[in-house]
Structures are given as C-alpha cells and as structure tokens.
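Just so it is clear, A, B, C and D label the chains in written order, and each chain counts residues from 1 on its own.
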Amino acid sequence: MLPRFALAALLLLAVCTLHAKPRAREFGVPFDGTPGPHNAITDVAGIEVGHVTLISGNGKLEVGRGPVRTGATAILPRGQDINAAPVFAGTFSLNGNGEMTGTAWIEESGFLEGPILLTNTHSVGVVRDAVIAWKTKKLGAALPNIFWSLPVVAETWDGWLNDINGFHVKPEHVFTALESARGGAVPEGGVGGGTGMISYEFKGGIGTASRRLPVDLGGYTLGVLVQANHGVRNQLTIAGVPVGREIGGGRRRFAGADPHNLAGLSVGDTGSILIIVATDAPLLPHQLKRLARRASLGLARTGAVSGNGSGDLFLAFSTANASGAARENSPGEGVQEFRASTFQALTNEGMSPLFESTVEAVEEAIVNALIAGEAMTGRDDHAVEALPSARVQEILKKFNRLTPSAATPKQN
Amino acid sequence: MLPRFALAALLLLAVCTLHAKPRAREFGVPFDGTPGPHNAITDVAGIEVGHVTLISGNGKLEVGRGPVRTGATAILPRGQDINAAPVFAGTFSLNGNGEMTGTAWIEESGFLEGPILLTNTHSVGVVRDAVIAWKTKKLGAALPNIFWSLPVVAETWDGWLNDINGFHVKPEHVFTALESARGGAVPEGGVGGGTGMISYEFKGGIGTASRRLPVDLGGYTLGVLVQANHGVRNQLTIAGVPVGREIGGGRRRFAGADPHNLAGLSVGDTGSILIIVATDAPLLPHQLKRLARRASLGLARTGAVSGNGSGDLFLAFSTANASGAARENSPGEGVQEFRASTFQALTNEGMSPLFESTVEAVEEAIVNALIAGEAMTGRDDHAVEALPSARVQEILKKFNRLTPSAATPKQN
Amino acid sequence: MLPRFALAALLLLAVCTLHAKPRAREFGVPFDGTPGPHNAITDVAGIEVGHVTLISGNGKLEVGRGPVRTGATAILPRGQDINAAPVFAGTFSLNGNGEMTGTAWIEESGFLEGPILLTNTHSVGVVRDAVIAWKTKKLGAALPNIFWSLPVVAETWDGWLNDINGFHVKPEHVFTALESARGGAVPEGGVGGGTGMISYEFKGGIGTASRRLPVDLGGYTLGVLVQANHGVRNQLTIAGVPVGREIGGGRRRFAGADPHNLAGLSVGDTGSILIIVATDAPLLPHQLKRLARRASLGLARTGAVSGNGSGDLFLAFSTANASGAARENSPGEGVQEFRASTFQALTNEGMSPLFESTVEAVEEAIVNALIAGEAMTGRDDHAVEALPSARVQEILKKFNRLTPSAATPKQN
Amino acid sequence: MLPRFALAALLLLAVCTLHAKPRAREFGVPFDGTPGPHNAITDVAGIEVGHVTLISGNGKLEVGRGPVRTGATAILPRGQDINAAPVFAGTFSLNGNGEMTGTAWIEESGFLEGPILLTNTHSVGVVRDAVIAWKTKKLGAALPNIFWSLPVVAETWDGWLNDINGFHVKPEHVFTALESARGGAVPEGGVGGGTGMISYEFKGGIGTASRRLPVDLGGYTLGVLVQANHGVRNQLTIAGVPVGREIGGGRRRFAGADPHNLAGLSVGDTGSILIIVATDAPLLPHQLKRLARRASLGLARTGAVSGNGSGDLFLAFSTANASGAARENSPGEGVQEFRASTFQALTNEGMSPLFESTVEAVEEAIVNALIAGEAMTGRDDHAVEALPSARVQEILKKFNRLTPSAATPKQN
C-alpha cells in the first residue's frame, strides 16, 4: 500500500493531466477563500460528475446531420447508488429564459431525488425521459409497482455552433454521462453540456470550483459547477478588472444586437448560465434556496447583468442528512409513513460564511470555464475564440491584480 | 384528586360558560374529522390566545371619537415565555389585498419569533411597534445590546362599523391582549381583532377549531384560528348546502357593488380573511408553507372565491422542535453560531392527513365565527345581523345534512 | 351554401354525437353561472384542442409492450397559426408533485409562446422535444437563424392502467394531437392525455367547461380544461353533496395506503390534476397568476385536499392583446426592439367575476371529466369503474340538489 | 425670464450647495453609463424625495431619552398629488431579514399606491399608520366612505448609534418628510432614514444615482435610491478595487462576530440595504420584478454577499402609464369597474439596457452614500468613521482605476 503523500502526489499528477492547462488561480487570478483539493464540486464528498461530448461534422448546417457540437453533463449528488437518500435542495431563477425541469417538486418537497443533467435547449426532453429509463434500468427487479420520476434537466443554447434542431443527443448518450460519472477532478470548458457554449463572446462551457470553511466556521465544503453560455465581451470582469473591454473585439451571436453594439451595453446579452451549488453543510430546503440566490452575486462579479434572453437558473443541494431517514420522504413508491425523522441543520447565522463561499466559488468557476475553453469552429463555420490567458495576465498586471506566484500559462 | 371524568365534566362546563351559545357542530352542522378537547387552536399544547375588545360610542362617525368597534387578538405560539425558542413557520397569500408584517423574515429564515397579532387595517402599525415595546419590557435587563424585532401583525378592515381612521387601538391595548392570553377555550365572534368584522354579510370575526389525528397517522393535533371578514351572502355554503341563498337578503358594504348585486356573483366580495394554522406535528418551514396553502381549500368549502378586494393571508406554524436547538437561529442578538442543530420533521407522505385536517378545521372555524357572531350596530348606525342559527338548522334539514343529535340553538 | 341556422343545427348534432352521453349539467347537477355554447375551453374564441389516444394490448404488463392506455392533449391558444402572437399567461402550483415545463419563462416574461401539451408523467420529455420539432417543421424556411423554444408540457401519472415505463408516446403522436386540434366541442373522459387517468377512484381524464359573463360585467368568456387524475372516493363532492361516501367502495391505486383506508382521510390521495384556464378578458401576466390560483378553489369544491403525492399545477392565459404588439416580446428570434407596445388590461376590480367564473368552471370541468369517464381495464387487468351517473342522480335527489329538468342519463 | 443656460447654471450651483462635498464620480470613481442631470432618483420626472433627520443627545443610552440618530425618508412616485394614479411596481427580497410593509398588495395588484417611506427597524409601525393619517388628511372631505390603505414602509437597523427602542420617530416627523419632498438634488449620507446607518463599517445612509439610455434604446431614465446599512469592511469593493481591504481597520457592530473577524469572511455582515429603483420606461408589474431583482447585481459589485442578518429588500416602480386609466385599479374606494384600460409596456427585449442601468446605478448610489457619509458618534459613544475619500483616490490610483479628471476631494 502506498503511503499517503504518494497518493496525494499521484492525485495531483492526475489532476494536472486532466487539466491540460493551468486553471485560473494557477496563472494568477486572485480569488478569495480556500478551495478544496480539486477545487471542484466533487470536493463535496460523494458527488460524481460525468460528461458525454458530441463533436462531429463541419461546415454548412444541415438540420439532422450536423455539425454537432453538444453533449450532456451529469451531476450525481450521492454517486451511483440508486437507493441513496434524496438530498435537500432549493432553486432560484435570476432570469427565467431557460428550462430546468423538476423544480416544482423540489419547491414542494424540498428534495432532489436523482441526478442533475445539463444539456442543450432542444434536448432537454430526450435527456429527461432517458433519466427515467436509466432509473428503471438500474432498479431492475426492484422497480416498485408504483413508480414515478420527475428528473431535473437544465439547458443552455448552443445553436450558434451546434445543429441544435437536429436533436443529436440520444438516450444512450445520457446513459454514458451518468455511468461515466466519477469523483475527483472535473474536465472543464467545451465538454459535456458545455461543448458548444459561449461566454462573454469567448469559448465557455463547464467550469467548477470549491471552498472549504475553517473548522471554527463549521469546516464545511461547498462546490460549484457552472455551464456558462452568457455575457457579452464588454462586460467581462475578472477579479474586478475590466478584462473584456481591455481585450475588445468579439462577435455577437445575435444578429439583432449588432446595430446597438455599444460599449458596455447589455444589448445582445442573450446567453444563459446554469449554476449548481453543492455542500456537505446540513441545510434545510429553505436554507438551500438562500444559497442558490447567492449564485447571482458571484455571477455579478464577472460583469453579467442577466439580460432578457438569459436563462440563469440556479440549484443548490446539501449532501448531509444522508441517513435512511430522508428515504421515507421519497415519492414514487407508494410507501406512506406517518412518522418523524431526525435532521441536522446549520443555524441561520452559520450560513453567512457559506454565502460568501458561494459567491467566491461561482466567480471562480465561471473564470475557470473561460480559461479552460478552447477555440472552436462549428455550424456554418461560426468560430469562437478562446479567452487568451496570457493577455489576461498582462491585463491583471496592468491593474495591479496579478497574483505574484502566477504560473506562465500556455498560449491559447 | 378528582377522577378524570369529573375533570372532563368541569372542562365542558367551563367551555359552555365561555361559549354562551352552542358552537356549529353542537347544533348540527356535519363536519368531518375529530376535534381536540376545546375544538380550538389552543388544543395545540402551549398556544395561548388573548383578545382586547374595544366597543364604545354610537351613531354618526366623528373621526377620532368613534363609534369604536375594533380590537386586537394575540396568538402566542409558546405562551408567555419570552425566552422560548422560535417556531418554524410558513405563509401563503391567496389574495394579497391585505397586510401581514414580518413575512419576509419568515420566508427567509423559516422562523416565527414571537406572537401573531390580528387587528384592523389602519392599526397594524401601532400594534407592530407595541409588540416590540412589549418584548423590550419583558426582556428588561436581559435585553441584548444588539436587539431587533420584526413582529407579525395582520389585519382585516372594520371600517363599516368602526371609526377606523380614528386609530383607536393603542399600545396598552396590545399589551392587554398579549398579557391576557391563555390556553383553553377561545372566545369567538365579535371579539379581539374580530370585533367589527363582517362575513358573508353576517356578523363575523374570530372563529377557531381543531383536529386530532388517529395515532397510526401520527396522533398530531392541528388547530386553526380565523379572523373572518370576507364573502357575500350568496356565496355562503355550510356543509355543502347553499345556506346564503336560502336565507337571502343581506347588505353589501361596498357601494360600488350595488348595481351588480346579482345572485352568486362575487362582485363586492371585498372583505378579507386571516387564517392561522398551528400544529404540534414536527414540520419544516417548506412543509408549513404547504399547510398554509391548504387553508385556501377550507375557505373554498364555505363558498368564498377570494375576490379582488380580499386580503386572504394565511400563516402556519409548528410548535414542535421546541428544544434549545432552534434558539440559536434567532436573530436580533448578535450571537453567531456555526454548528448544526437537530430537528424532527414529518415525512412528506405523512403530511396528507394534516392537509385534510387543515381543510376541515378551516371550514369549521369559519362557520364557528359566523355562529358566534351577534348582531352589531356601529358607525353611522350601520347594522349587521347575526347568522340566524335556527334558520341554518332548518336549511340543513331541508338538504338532508343536519346531524341527528343537533342541539336546539338559542335564537339570535 | 347552407343557411346559418342549419349550420348551427349541424353543429349541435356534431356536439351531441361527440358527447355520447349527457354532460353533468344535462342530467341534473346544479352548477352556478352561465356557460358558453359548447361549455368548453373552446368557447374562448381561437382556442383549439386536439387529442391523440393510444389504447392497445391487454393483460400482464410487459414493459415496452403494453398494455398501452395513454395519449396526449394539445391546447393551442391561437389555433394553428405559428406566427400568432404569444399570449399572456401565469401559473400556480397548488402541490408540486408534478411537472410543467416552460414555467420559468412564463414567470419571467409573462408570455406563453405556443401550445400546451398534457400527457403522462414519463412522456413529458418526448412530447416537449416533439413540440420543438413541430415548430421548426411549421416554420420551415421561415425558421429564424437564431431560434429556441421552451415548450409547456404537463403531466399526470397513468401507470396504474398504462405501461408508463414503456414510453409509448412518440413524436408523431404529438404531431397528430397538434394537427388535429379544432375549436368546438371537446371530447372528454378517457381521451388524449386523460386516457389512463383515474379521479376519486372512478375513471377520470379530460373535462372542460366555460362561463360567459353578463355584458355589464364585461361580457368575457372563460374556459377551463382539466386532466383529472386526483382524489380518493371518500372525498368526492358534487354540488356540495358527499357523493363519494354515498356510493362507497373504490380501490386505492397506492398499496401503501391500504392499511389506513379510513373514511374521509386523504391518505393515498396521490393522484394529480392539471387545470388550464383560458379567457378572452384582457389580463396582464400578474392578473393571470391570480386567475390560476383560483383554480384551487374550484378543485376544493369537488372535495380534494391536494395530498402530498398530487401534482396540481395550473396555468391561466388570455387570448386578448392578439395584435402584433405582443409579437415583439417573443424570444427566440434575436430580434431586439426597444419600444413600447400598447396593451389592454381589465381593472383589478373587474377580475372578481372572473375569479368566480374560474371557480365554477373548474368545478364543472372536473365533474364533466368524471361523467364522461367510461370503465377501463388496463395493465395487469387493473380495472377502474365509471362514475355511475344514475346513482349520482339518486344521491343528488336524496340531498335535494337535483336540478328539476334533469335528463335521464344512460346507465354506465 | 432667464435664458436656459442660466437656469442650468443656477441648478448646478444649487446642486453643489446641497452636496457639500463632491460625489463619487466627481472625484474619480469610474462608473459606467450616463447619469441624468442630478444623478439622482429624481431625474425620473415627477419623483419627489423628502427627509426628516432626527439628531439629539449624546453619551450613554437611556431608552426613551436618546441619544437620537434616526429619521425617515419619503419617496413620492408622482409627487404631492394625492389623486395621482398608482404606479406599477414589483419587489424582490434578496435576504429577508427586514421589513417592507405593503408588499402583498404590490405582488397581487401590481400597483404601488402612495409614497414609499424608509426609516429604522423599530419605527416602521408608527410611520406606516402616519402615512394613512396623512392620506386621510390630504383627502379631507374627499375621503371616500369606504377607504383603506396599505402603505409601503421599509427599514434598516440604526440601533448601534440610535436609541432605537426609544421610538423617537413620531407621526409629525413623517408628515414633515412627506410634505418637504421635492424634485431635484437629493441630500445623501446621514440624512432621513439613513441618519444612523452604517455601511461596510463606514458611515452609510442615503445614496442615489441615475442613468439615461440613448434614444435608440428608448431614451428612458432610471433612478435609484438606497438606504445603505450593510457590509463589513473587508468586502468593500469600488470599481472592482478592494478598497475595504486596502484601508483595513473598522469595527464590527455585532459582538458575536469578533472572534471570527477573519479577512474577507462575511461573518458579522448583519446590516441591511434597501434599494428603490424607479424609471419612466413603461413596464408592467412582472417586468418591474425583473428590474428589482437586478439590484442584487449592483449590490454585488460593491462586495456584499448579503449575510444572514441582512434585510436586503428591493422595490422597482414605473412612473409611466400615468393617465387616468390606471386609476380605476386603485382599491380602497369601493369603485368597481369592469372595463379594460390601455397600457404601454416596453418589449421584454427592450429591458436589457434597463437591467444594465439598474446594476450601474445601484453600484453608484451605494458608493455615493459612502462618500456622502460623515463621521458620527451616537449612543454609548459608539463612533463611526467616514469613508476617507482621499484615501479612496489613492487606492483607485494604485489599481489604475482613477478617472483622470478626478477632482480633489475634501479630506474627511
């Protein structure tokens, strides 16, 4: 058996391998707070993330044929165990030009009962039904006589790069995302549901980050995963620095915006961002709604104003209270219990540090998505450039905000 | 020591003394479910109710002089103990033409921290600040250096009978309501906040009822208190029977309604109803919002459609989880705790019987308010008649709905 | 060309043919208010309804093979015109154990932009994506370069009769429901999305009704369509009469409920009801939320308490403001307009009669669904009986509530 | 008659007189967007603001005697005309540890019907009832027979400096604030409701700012007024620069926070901020809720995370649609109208520039409140320092963010 430090070294190696280029904080963006070991949503114990990435074809759009630049990302709050207890959850819609299925039951019951899937706008349906099929498959003979499921599937729009009306996500892709889900480092950028996404007119997609609280504030871990497809270039702010304006340029996806392409105006801000917040702090459903609302503040730090066309839907859940107690609350089985269960819940006062962690981790996850993004050409040769990280370093330096220990990023 | 049945007999005597006339179920209205010993919100252990009733003057309105037909009702979830833990709570607005202060913090924190006060529309302010004054007085030397309070005060409009713009409720009246609060039987009809209220064009006001669940469904108690000031006569339905139409007549309070006084139309339904639901079942804040929403269904059984002018605001709370644990969550003291507490919570499936109890108890509490109401003349000689209970018996009989064991009601 | 009266006569004949048996009011249930010509949601001009009904197989459940007892119902607010303006809309969740996609955008924008589809719980996804496919097909060459859609699809659970995990609804079925949508009389009972639905332990499904206001109250039409799959027998109340208890018997779908099958308790009330309210009254989005909330009160009149397992999701929309003005607000096209449009809106005071109409029409639509329901045997030979309408007449008579002019219903 | 430029010069003079020291943008804080002439909420035509400031006593707290450091601020959407039409409005609670009365009716009706008052936490009641008294006084003989009012009053907590449990705000003070309300420049800092407020551990209080959109984006004006009493020093961010950390020091109001006074942690963030957003853009109630929600993003730019103890309540209203049409929707008069009115409403797409303006103006209004704040000593010699504006200039310069044309601020 390997000694502990060797394992840690191997882990670090694996992370570095996975993340081909340094992440935002590694090359000098000054973020507040202390991240967990992977600086990822998976730092919250038990959470697994899986991606399926679909890239094929080039050139002119032929609906149903491609080009394909899409995928799906699965977040499993308690991993692969189909019999695990549901998790308490809460949601918030900052701007509802988007879809997140399953929220009526989260609001009603306080429970999220299964995985969260992120995909493109026009594949929400197939992904939703596929989650049900996956559940029935996993349950097999244990499938209750009375069974229903209300899966949580959310989306952003990748139709600038992807043949979105071709419906290229199939049930088997969803199964792949679910079954390949793992703990540990999370691939970022143009992968999974984030494959064809664009943020601040740079390549966006999946980003993640985490925070760990000091022991005297509870010692909890909080992780965030975003699917970033929002913002116009002029808005992009990193660590308070107007990076987007300094870089300039960019190309609006939305034709109608062109005549009004005025500096700083949110006109044309028609993208969207999904934000998932997870924690092992024991929070009740109404407390998780509070956490979800804070995602707005982290998003604001990157310059977004959440324009009319934005589907900015957030969900927060807690992996605490995993004991069988919560199980009884699960619907879909016809079991009816009339007794009380015991739950742990953090004091409301104890939530403030988690609010701060949420704001910080959302900010960092978004920047991570941008840093991880690589240039992509898709449908009709629409091209999206990557955020040039060396240029970002220069700009941070100009505004006296570059972390001294910054690594030299590879050139995009 | 007296034998148990003797105590029960004494109790019954006390109740009968308090309630000068039989209550709705005693004279034959068929209600579902099993009430607690007082068929009142106070059947939920620890809850205390106090009224202050202000009646003076007659004849023509002179603003500031009267006539006065108003008051306040205090509901203390954990009685007089100022140091008692807050209770979990949730609210619902069926139609928000009304005021209930303090709801932003209930929604945010899940906690109700202090009494609930019911009064008239234009005295909400004075009652609110008086609750703070009462708290500081009770705390005395124990008043924390950092202290704030966001009292819950709700209202309906008694200006048809009362000099509402004369602001006759004073802080000392509020103290009286709070300090006289008791468990046991609750005076109903034209008392406390209900003094000048009118319902279905009959004298309305305070009504209460309770339900006790069978042991195999949890054995919980649920109580309801209403301040009924809503509805037009044509709508009044008791036990499914169109009692209002059978009686006919009535006088709309709202002049604009007269030209359209068509049978069955809700035009002119400009009153309001406040409904407070309490239970000892251990429910979390999001579960209490569910309970509060069910009050709508009990209200509907009495014929209401919740017209545009109605302030139909509902609040549900649970007296469970009374241990010190919840104390830490209380604001206003500058104490900050970053640890988890333990709570009990009923399974969601276990809530259905409580939903049913809520619907039943709300229905009965409203009818109790009407039955308890006595004819009143107020401002400008405006007169409101009482619901004629003998007539109600006849009508129930006509529709084959009179309980066989019905007592003969005194004539109103 | 036929004279007008002849057309009317033919229409009447068609309606009578469509409705093989009399509807609730025809055989003597006393409802309040005045319905439109078809007593259906289609009385609101421009609304079209289409059903696809899937019935095949018998006997033991083989997942993927059947038996099949399901379908889909499409409601088109402005008929088949794909370029029609969106309609203002608002939603309400009385109990969110269900799914209605597309609500985040309705809440945000106030607009419903396309059809509403009702189906079974596990087919929401396929139906949702099929609506997008249908839109792209209809738009054809006019499909904008930038296009997205967030369809509204809702569900109730038909797994007691139907092989719900077999996913039998296919995109082409959705197209059929959409393309066959028509104005005029609406088939009720076990058709479309209602095919396998059960209500109050009788055969349920689709029901509809309408109200027309007197001219001096605005002369507006309001229509309701329900997909009724809720309630336990003991609760069923028709015109205030405890019809369910009088009939007795019944069979709970949910095994867990059996031990607690106590009279009147909502235990086991695990079904759901979808309620769509439509009107030609010019209402703004926040006013339509008010209307949607009133559906609860109509539901309550039939005895429901909206148990934990119920997905009671309501949507209200207004067909007014159909001019091009509203068109500018539609998303999904990248068109950005920065100008004001003109809208009509009813005064808030003017809404009370619409509230009353909603309550009345919801009550009648539910009873219509029950009356239209016919006995069905499905999966694993699960059998559901129809509400025996002759027996209902007897019971109404016993409670002195039968309309004198009642027709003799055919025996179920 | 004076020529126009002379009037403008006089106006400028008046503004400079009113604002004893330069405002934030004048001494070099780089804000985005173009403000209106007063850079104040009063740039929205018709809006009037009045303050009453109560300062008396020094030294040790004697409840009821002082020291007094409090007041009230009145915002009149349509000025002094008591018969003016109500304005459409919408609210948002980012963190509900606070009170804003009257919101149930805003949510229900979409209307704000009268002034908005801002005061301290324990004076909400007296201010609320005083607004009713003021209305009845103003209406005089025109007071309708049937009249009720549900005033909007909000608060933050000034108990660190003020004898808040002494209830020093009296009805006559409220009348003064209302009657002294004027258009034009708005006094900022420790005035009116902001008198005893503290923000980011500096003197806070009232701040205001405005934005004017280019004509091709509608040419609308949007104004913001805040009562800032929130944040801990480490969080304070101005124009993206970590000003609070650079300055350091500070004193937490809340004792419990001390042991955890860790850099950057939101522990102890127990203040609150009220944000009022006004515009002349024609927006419907659901659109104004969207605007109110954006205030969160402007707040986030100043570093806040909205801690558990924060009462962060926002309200947005539109002065458009002032014609008599809206009048009919007003409650409290018993008038019932069943007809439609005509309203203007901006397209949803057209809102994005207003979202951006809201974010910008909220950010600037908060910084304005801090810049205007002057050192204050209150109860028990609690002392609060002013934000040192010269130091802020240095810091902005250090981070290359000082506007070149910055004026030299007076030293605090």
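The rule is short, and it goes like this: contacts are C-beta pairs under 8 Å (C-beta built on N, C-alpha and C of every residue); 3 or more make two chains touch, one makes a residue touch a chain.
As the structure is a computational prediction, the values presented were derived from the model and not from experiment.
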Ask   = Which chain maximises the distance between its CA centroid and that of subunit D?
value = C
Remark   = Of A-C and C-D, the pair with more C-beta contacts is A-C
Query = Which whole number of Å gives the spacing of the CA centres of subunit C and subunit D?
reply = 46
Inquiry  = So the centre of each chain is just the mean of its C-alpha atoms; given that, what is the distance between subunit A and subunit C in Å?
reply    = 36
Note = Touching at least 2 other chains, the residues of subunit D are 95, 107-109, 216-217, 256, 260, 267-268, 290, 308-309, 331, 335-336, 338, 348-350, 352-353
Query = Taking the complex as given, what residues does subunit D use to touch subunit C?
reply = 107-111, 216-218, 281-282, 284-287, 290, 320, 328-329, 331, 335-350, 352-353
Task = State the interface residues of subunit C toward subunit A in the complex, per the touch definition above.
result = 63, 93, 95-109, 121-130, 132-133, 136, 143, 145-150, 153, 157, 159-160, 164-165, 167, 253-257, 260, 267-268, 270, 308-309, 311, 313, 331, 333-336, 338
Key: Touch list for subunit A against partner subunit D, complex   = 32-33, 94-95, 214, 216-217, 237, 239-242, 256, 259-260, 262, 264-269, 290, 293-294, 296-301, 304-309, 348-353, 355-356, 358-359, 398-401
